[in-house]
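Both complexes shown next keep chain A, but they swap its partner, so chain B is in the first and chain C is in the second.
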Partner chain A sequence: MGFRKKIFTAGLLLAAAILPLFFRNSRYTLNLLNLAGIFIILTYSLNFMHGYLGLISIGQAGFFAIGAYMTAGLTMAVGLPYLPSLFLAGIASTLAGLLIGFPAARIRGHYFVLISLGFAEIVRLIILNWKEVTNGTNGVNNIPAPAVGPWVFDSRFSHYYLVLFFVLLTSLVTLSLRRSKYGRSMLCLKVGELAATVTGVDPMRNKLVNFGLSAFFAGLAGGLYASYIGSISPEPFSVNLSVDVLTMLLVGGSGTIAGPAIGAIFLVFLKEWLRFMKEYYMILYGAGIVLVMILMPDGLVGLGHRIADRIQSPSD
Partner chain B sequence: MMQELISGLAMGSIYALVSFGFVLVYNAVGAGNFAHGEWVMFGGYFGLIATSWLHLPLWVALLFSLVAMAGLGVVYNRVAYYPMRHRPAATVIIASIGMSILLRNSALALFGPDPLKLESFLGERTFTIGGAVIGQHHVLIIAVTLVLFSGVSLLFGRTSIGRKLQATAQDQEAARLMGINVNRMITLTFALSAMLASVAGFLLGPVWFLDPDVGLMVILKAFIVIVIGGFGSIRGMMAGGLFLGVVEVMVASHLTSEYRDVVSFLILIAVLVVLPRGFFGEKIAQKV
Partner chain C sequence: MTPLLTIDKLSMRFGGLFAVSEVDLDVHRGEIRGLIGPNGAGKTTILNVINGIYRPTSGSIVFDAENITGLSPHVVARLGVARTFQSIQVFQGLSVLENVMVARHLRSSVDLLSTLLKTRRARREEARISETALASLQFVGLGDRKDLDAANLPYGQKRLMEIARALATEPKLLLLDEPTAGMTEAESFALIRLIRQIRDQGMTIILIEHNMRIVMDLCDRISVFDFGVKIAEGTPTEIQDHPKVIGAYLGTGHRHAWC
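Let's look at the complex of A and B:
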């Protein structure tokens, strides 16, 4: 990492750390910051699949839901402390990822989209109908605030730092994956599966590692969501959520470090700003997605690069 | 039993019809149109505009919907496919997802969240065979679907415009070299697919009613049908649709109504695992 990049990263971290201090009295803004953080993790989780393997999943809501319900169940019904619950929820989500990964690793293109969609729908329908465990449409209420040792993250302000910690963890894993043998093998598979296999890359193993990581962090995001909101019901875990995450990834820029974060923050705030348009805001949101795809296919990060290039070499 | 079978076949016919429209565009441009479910929904809503807002007779309403949907298909192609025709399929897919959000919420703003019923050409009439009461509309659904499937197959196999459409779907470059106006053929495919969606919406409206989420529901089912039948085969799609419709009705009435859709999605995954070619179609792993 170059010196300038180090300075930039340090500045960014500092900014993220002191940002909520300016909004201590605005519960509204703090809420958006928390949600943005949770969506950043979720978007990073999809970035594993799309950024590293080029696979489009419309199934992240399934892993997110498993994480949320497992965290709620483990803290409330089993009585485990928060961090072990969150971790186990991530593991449960990983297992689901591997389970669906075995068939999914063999297929590509549209069929992968469909299998991920089918998986998420199955999870949602089970949550909706298995009333003895999930309490059906009424959902689970009064989920306790996260507590780690003596600290209780029971305010939007303190919870922000909990989310921030996991955002950093997720981005660190993403970064180190890129530099590991696995990450390089995956990028190899993305370009050409046959060629990668010939050079000794095991597609099944790499894909399963990838799906496992993706599911783990999506589950983690779900656990954070459950304890942050305090109550969960099947409603938010629909296809729409998976679509939102995919949109965040592509609007930000897939396969980059900054892209998922930028996309998630941008869309969480954009949705809020458009809310004054009442029933028309989702229409604009849909139109916005189409426009982004037409005008900046590499997302905001790609657009940033293009602008930077233009400034550096104005003769083009 | 007979009753269930007929209503299963009717449901399945609609699934097959929705899949058909989806696959037409997919084969022509190599990317799925994830707004196709919303097209079906709008096909029905256009009928509703004609009957309850403009007080037109149902036949005219169907005509109105067909024309309006063909227009929508052409505009859609211009806005959400044509500008991206040289980009990766993922871009086109995301754009179509954007369009589906746009269309679904336009419907919500225009018609509200409540389910609205579209009239049927046959009303609520029923007839009885061996003690089973069968809705005539169900029979109409099956008949119309069969006619449309054979009609469109004939169009593709026997007419010059159909062959041009097929050539475009098979290899755009080669089709262009043969002097076929590829962009026009693709526009035509979008219009044709939208018109099939219009009919599907008309058939669906009286049975399931129309609400802003109905498009999502039917497209999810259509995906299952496409996986069962394969992207390539018209016969496969018809068989897959009928199979899924009957299975759903049987599961709902004899096994579990709550987990009916879980069973359907498990079928989707099972087919992908066990029969990665679908029952009729091509090899899935090689379709990128």
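Let's look at the complex of A and C:
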């Protein structure tokens, strides 16, 4: 990493660390920051599949829901401490990812999208109807605030730092993957599966690793969401959520390290800014997304690169 | 000595069409074997079956004393068969070096967790992967191109990179599907020298090539195909005078006009 990049990264980390200090008295803004953080993790989770394998999933809500309900169940019904619960919830989500991964790894394009959609719907319907365990439409209430050792993250302010920790973890794993044999193998499968396999890349193994990672971090995001909001019901885990995540990824820039974070922050806040328009905001939101897809196929990150290139070579 | 590759009564049918029909082929260690024949003769199909891209309808393939019939491509690659394609396969978005590093993964054993945590063992192995990949690039003369996005290489260098990638898997058998297609005469000439150099290091090579001068010049033995059937086999001199070969290429009645 170059010196300028290091300075930039350090500055970014510092900014993220002191950001909530400016909003200590605004519970509203702190709420948005927490939600943005959770969505960043969720968008990174989709970035594994789309950025590394080129697969579009509209089923991230399924993994998110598994993570949320497992975290709630493990802390409340089983009585495990928070971090082990969160970790096990991630593992449960990973297992679900591997389970649908076996058939899905052989499939691409539209069919994969449909499988992911079907998976999330199945998860939602199970949650909705398995009332003995999930409490059906009433959902699970009074989920305890996360406690790690002596620290209790029971305020929006303190919870921000818990989310920030997991955002950093997720982005570090994403970066680490890019510079590893697994990441390289996945990128090769993405652009040329046949040539990759003939070169020795095992497609099934690498796709399962990918799905596992994606599901794990989506599950983590779900667990953070459950303990942050304090009560969960089947309603938010619908296909709308999955589509939101996909939008965040594509608007931010898939297959980049900054893209998922930028996309998630941008859309979480954009939705809030458009709130004054009441129900009409969906029209503008939708039109905006279509425009972004047409004008910036590589998302905001791609746009940034183009502007930077323009500045460096103004003669073009 | 037993052949490195023994293909026995290999047939490959697509729907009602036999692309390859009852083909026998023995390829010995250290030889350059040419596969020639008109378009649609089944040459590329044979390579695809050896690779495991297609599962043959019938017949068997024994490679290095191991039956590889119907194995998956990545398993066949691990056993020592490497390949370049008629239409060059570049992993775009990855650097030239990374394109070749992928070929080293099959000799790497570090697990996922160590890889993501970047343990010392993982970092050391990553360094080794990078070094051997670079050596492979330098061998084909692309050492100074390693950091370029592979998609930006000129056509001829993409082919060289593809060969470097194939060699980096440390194969025992190298399959080259029309390596000189689309190359300038100078590039072809350099490539032929490179192929010879590879063979001199002990590699066995199967080569599909349409340029007869190259085939006759380079190959130790040649197998000729027409409509999925092997119609002749022998040294370049034997093949040049083979009436069936001339018939397949020019229709019967012509002699020698083609070489």
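Just so it is clear, the second predicted complex is superposed on the first by the 316 of 316 C-alpha atoms of A that agree within 3 Å, B and C clash if a C-alpha of one lies under 4 Å from a C-alpha of the other, contacts with A are read in each partner's own complex, and residues count from 1 in each chain.
Please note the rule applied: a residue touches a chain if its C-beta (ideal position, glycine included) is under 8 Å from a C-beta of that chain, and two chains touch if they have at least 3 such contacts.
Small disclaimer: the values here were computed from a predicted structure and weren't measured.
Undergrad: For A:I56, decide between first (touching chain B), second (touching chain C), both and neither.
TA: First partner only, chain B.
Undergrad: Going by the contact rule set out at the top, does A:A196 touch chain B (first), chain C (second), both, or neither?
TA: The second partner, chain C, only.
Undergrad: Once the structures are superposed on A, label A:L250 by its partner contacts, choosing first (chain B), second (chain C), both or neither.
TA: Only chain B; A:L250 stays clear of chain C.
Undergrad: Once the structures are superposed on A, label A:I126 by its partner contacts, choosing first (chain B), second (chain C), both or neither.
TA: In the superposition, A:I126 contacts chain B only.
Undergrad: According to the contact criterion defined above, which of chain B and chain C contacts more residues of chain A?
TA: After superposition, B is the partner touching more of chain A.
Undergrad: Of the partners chain B and chain C, which touch A:Y280 in the superposed model: first, second, both, neither?
TA: The first partner, chain B, only.
Undergrad: Touching A:L19, do we find chain B (first), chain C (second), both, or neither?
TA: It touches nothing on chain B or chain C.
Undergrad: Across the complex, what residues on chain A touch chain C?
TA: Within the complex, chain A contacts chain C at residues 173, 176-177, 179-182, 184-185, 187-188, 191-192, 194-203, 209, 255.
Undergrad: For chain B, which residues count as touching chain A in their complex?
TA: Checking each residue of chain B against chain A gives 26, 32, 79-80, 83-84, 87, 89-95, 97-106, 108-109, 216, 220, 223-224, 226-227, 231, 258-259, 261-262, 265-266, 268-269, 272-273, 276, 284-285, 287-288.
Undergrad: For the complex, which residues does chain C have touching chain A?
TA: 51, 53, 72-74, 76-78, 82-83, 85, 89-94, 98, 101-106, 108, 110, 112, 115-118, 122, 126, 129, 165-166, 169
Undergrad: Which residues of chain A touch chain B once you look at their complex with the stated criterion?
TA: Interface residues on chain A, with respect to chain B: 50, 54, 56, 100, 103, 106-111, 113-115, 117-119, 121-122, 125-126, 129, 239, 243, 246-247, 250, 279-280, 282-283, 285-290, 292-294, 297.
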